[in-house]
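Scroll down for the structure; my scribbles are underneath it.
To keep things simple, chains are lettered A, B, C and D as they appear, and every chain counts its residues starting from 1.
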C-alpha cells in the first residue's frame, strides 16, 4: 500500500494496523502525516528521551515532530479532514460493502459501549479512503459483503481495500479486483459473496479516485 | 458615553463618529478595542512614522498596536462579534425604532449601491449596541421612530441611543429617557413621535443590558 | 472581567450543581488535572461534562464520574482500556451518554463560540448517530443537522498567559482549549507561567484574552515545563 | 502538490474563463496586487470574484472590473469613495452583485474550507439581505440559512512561506488569507520571503501547507518588508 500513495500526499493513518504503513513510506515520497488531535508533519513514534506528553498521536502514543510541522486546535484539525483536504486516509474495518460502505466503529453487540472518535469524519472527509484488513474473519466469513451487517461508519466512502489475499476497488460500480496475492480471481470469488470484476490490465494506478 | 463603558470591557467602535469615543476612554478603564478586520488591543490612530500599511482599522485608517494585542483572521474575528463576546459596540444610525430596531446601512434610495460591511454582525452580535447620532435629521425629523422607514440592519438590537439632546434606552418596553441635555422631557416628547418614559432616578447605570 | 487567582480551589468556586462543564485535553495532553481535582473537591454535582473521552484510570475526570458527580457525558470516545469508572456507571444506568463523532464535537463547540445556530455536515449521515436528526441532501451529499454545544464553564490548560489573558499552548496539548474557551460563558485556564502584558507576540496568540475569565498558575502542570523554553 | 514558481505570470497561468476567484485583502492590507495584475494580464474573463470590497482607485481589482473581466462580485462593501469602476459597471447593469454581510462572507468562506454544507446565523435576520432565504427560530432567535462559498482559485498575500508551504502573515494583513486558502481548490500565495523547511515555528504557523498549491516571491510586496523582521 505504501507505494500506492502518490508523492506529496497528505495522509491520515488510523489507529492500530494502519499506523504501520508509515514504516514503509520513503523520504522521496515526501508524504505529510496528519493526526486529528492537531498536527501536520507528524514524525515516527517517540522513543526514550524524545517522549513528550504534549506530543501524541490520535492513538495517544507519543510521537515526534518533523521539520515543517504545524499545530492547530481540534476544530481546525477536523476542518482539514471534513473539508476534503486529506488525499488519503487509511482505516481498519469490520466490513466493507460492495459499494464502499464502511463499518469499523461499533460491533452493535448488546451491552457494548459505543465509541466513535474521528472515524466518521475520516471516512466522510478524505478524498480517498483506503481500508486495511484481513479478507476473512476468524470464522472464515468474508469482510467484503453485499451490505454491512455491523453499524456503518460512512456511506459509499471506501475506494480501496487492501487485504492479505488481494487489493480491491469499491464504489458505485461494485468491486473490482486490482491485484491478487497467491490466489486466482476464481478462488477469491468463491470466498466473497459479491460479484468481482477483474481490473483492466492498464491504468490501474489511476482508479483510486472514483 | 465613554464614562458609561464598564472597566475591562471589550468594545468595537464603528466607522466614523463612534471612533471618536476612543479619545475619551481613560487608561484606568482598561478597555480593549476590537477591530473587525482582525485585531484586539487596537491603539490610537497612527501618525507619521508609526503608519504601517499592514495595520489598519475597519475604516482602513492606519492605527497602532497596544501591548497585549492579538491578531486573527476574518472568520475568527467575526466569531468574536457573532458569538456574543463583545460587551459593547457603538454605531451610527439613520434611525432607531422604539423597540431597538436599527437602520444604518442603506438609504434604500433607487440607484443607491448598497454596502453593508460588518454592521449587521455588530448589531446582532454585541451584548449591548449603543447608537450615537443627532436626534434630528437636517430636515428636523426625529431619528427615533415608531418603526424604521429605512431598510433595517438588525431587529431589536439597540439598547441605548446617545444624542445631542438626550440619552435613551430602547428595547421591548419602548423608549426610556435616561438623561436630557438642555431640554425637558416634555420638549423631547414634542420632537419624538413615540411615547417616552422617564427613567427611575436610581439604578440607571444597570439598565443597559436588557 | 479577567481575574488572576492564587489557587485552583479559588478558580472553581463559582461552579454550580447542574452546570455544563467543558474540560479540555486529549489523552493527558492538555488535561487540566489540577482544575478537575479542585472541581471534585468543591462538590459540584449533576454536571454535564463535555470532553473527548470519559475519563481514564483513577484520576481526573474518571474520579469525578466514579464519585457520581456527572449526570451526563458528551464525548466521542468513552470506551478505553482504562475507562472502568465510566463503564461501570454506564452499565448500571447511572450516567447518560451523548456520543458525538469527534469532528462534530469540535465543530459544535466551535459553533457555540462563533454564534452559529446550527449547521449541516456529511459526517454521520446514514449512520446510527444520525438517527432522529434532521437531514437533507446538499450538492448531492447527505448531510445531518447539528447544533452548538454551549457550556457554563470551561476548564482548560495552556502553556502561558499574559496579563490580558491571552493564551498560548504547547504542541498537541492545544487540542480543545481554544474552542472550549470560546464556547463557555466562563473560562478557567490553568497555565504554567504568567508573563507580563506585552510578553506574548500578538501574531502568535492562540486564544485572545476576551475568551478567558479566570487564570491560575499551576507550577510545572504538564505542558512539559522542562521543555517549555523551546516554545517561547 | 506544492509548486514554487518564479513569476506571478506563471503562478496564474491555470486560471480559466468562468472561474470563481477569491482575492484576499482588506483595504490595501493583504491585497495580492501583483497576482491581480498578472490575472489581468492573462486575460481570464467571466470571473466571479470574492473579496470584501469591489476595487478601489485605478489598481488591482478595480482594473479587473474596469476591463470587464468580472461577471459577478460577491462582497460586503462595494461602495467606497473611490470605487468608481465598480459603480459605473453596476449602474450600467454590466456586473452582478451578491451583497453579503461581512461576517456571513467570512463564515461562508470558512464553511467551504471546513466541509460544512450550510449554517444558520442571526446576522441579517429580518433584513433585506435575508429576503428569499430560508429562516428558522432557534433558541428564540431568528436565524438565516447561509451556504458555503467555494472557489476554484484563491489569490492571497502572506509574509513568509516555508518549503512545505506553511504561511505566516503580518498584522491585520492576515484578514481573509487563511480562510480563502482553505476554501479554494487551488491557492496561490505571493509572499515576501521563502524560508527553508523548519524556518517557521510549528506553533506559529497560521496556514498549514496543505492549503497552499503555488507560491511566488514578490520582493518587498507589502506586508511591509521594512519592518517584517520584527514579526519573525
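Points to keep in mind about this one:
By our rule, a contact is a pair of C-beta atoms (placed from the backbone, for glycine too) under 8 Å apart; a residue touches a chain by one contact, two chains touch by 3 or more.
Please read all numbers here as calculations on a predicted model, not as lab measurements.
Counting steps between touching chains, the shortest path from chain A to chain C takes 1. Chains that touch both chain A and chain D are the following: C. Counting C-beta pairs in contact, the pair that comes out ahead of the other among B-C and B-D is B-D. In whole angstrom, the spacing between the mean C-alpha positions of chain A and chain B is 53.
If you average the Cα atoms of chain B and of chain C, the two centres end up 34 Å apart.
Between the CA-based centres of chain B and chain D the separation comes to 28 Å, rounded to the whole angstrom. Along chain D, residues 107, 114-116, 121-122, 169-171, 202-203 each make contact with two or more other chains. Each of the following residues of chain A touches two or more other chains: 39, 65, 71-72, 75, 78-79, 81-82, 125.
Touching pairs of chains, sorted by label, consist of A-C, A-D, B-C, B-D, C-D.
If you check the complex, the residues on chain B that touch chain D are 35-39, 52-56, 60, 65, 71-75, 77-79, 81-82, 106, 111, 113-121, 124-125, 151-155. Those residues of chain D that touch chain A in the complex are listed here as 1-2, 112-116, 162-164, 166, 182, 197-198, 200, 202-203, 205, 208-211. Across the interface of their complex, chain B is touched by residues 26-30, 76-80, 86-87, 90-91, 97, 99-107, 109-110, 121-129, 142, 169-179, 206, 222-224, 227 of chain D.
Residues 107, 111, 114-122, 136, 138-139, 141, 143, 147, 168-171, 201-204, 231 of chain D are the ones touching chain C in the complex. Interface of chain A with chain D (complex): residues 7-8, 10, 32, 34, 39-41, 65, 67-72, 75, 78-86, 125.
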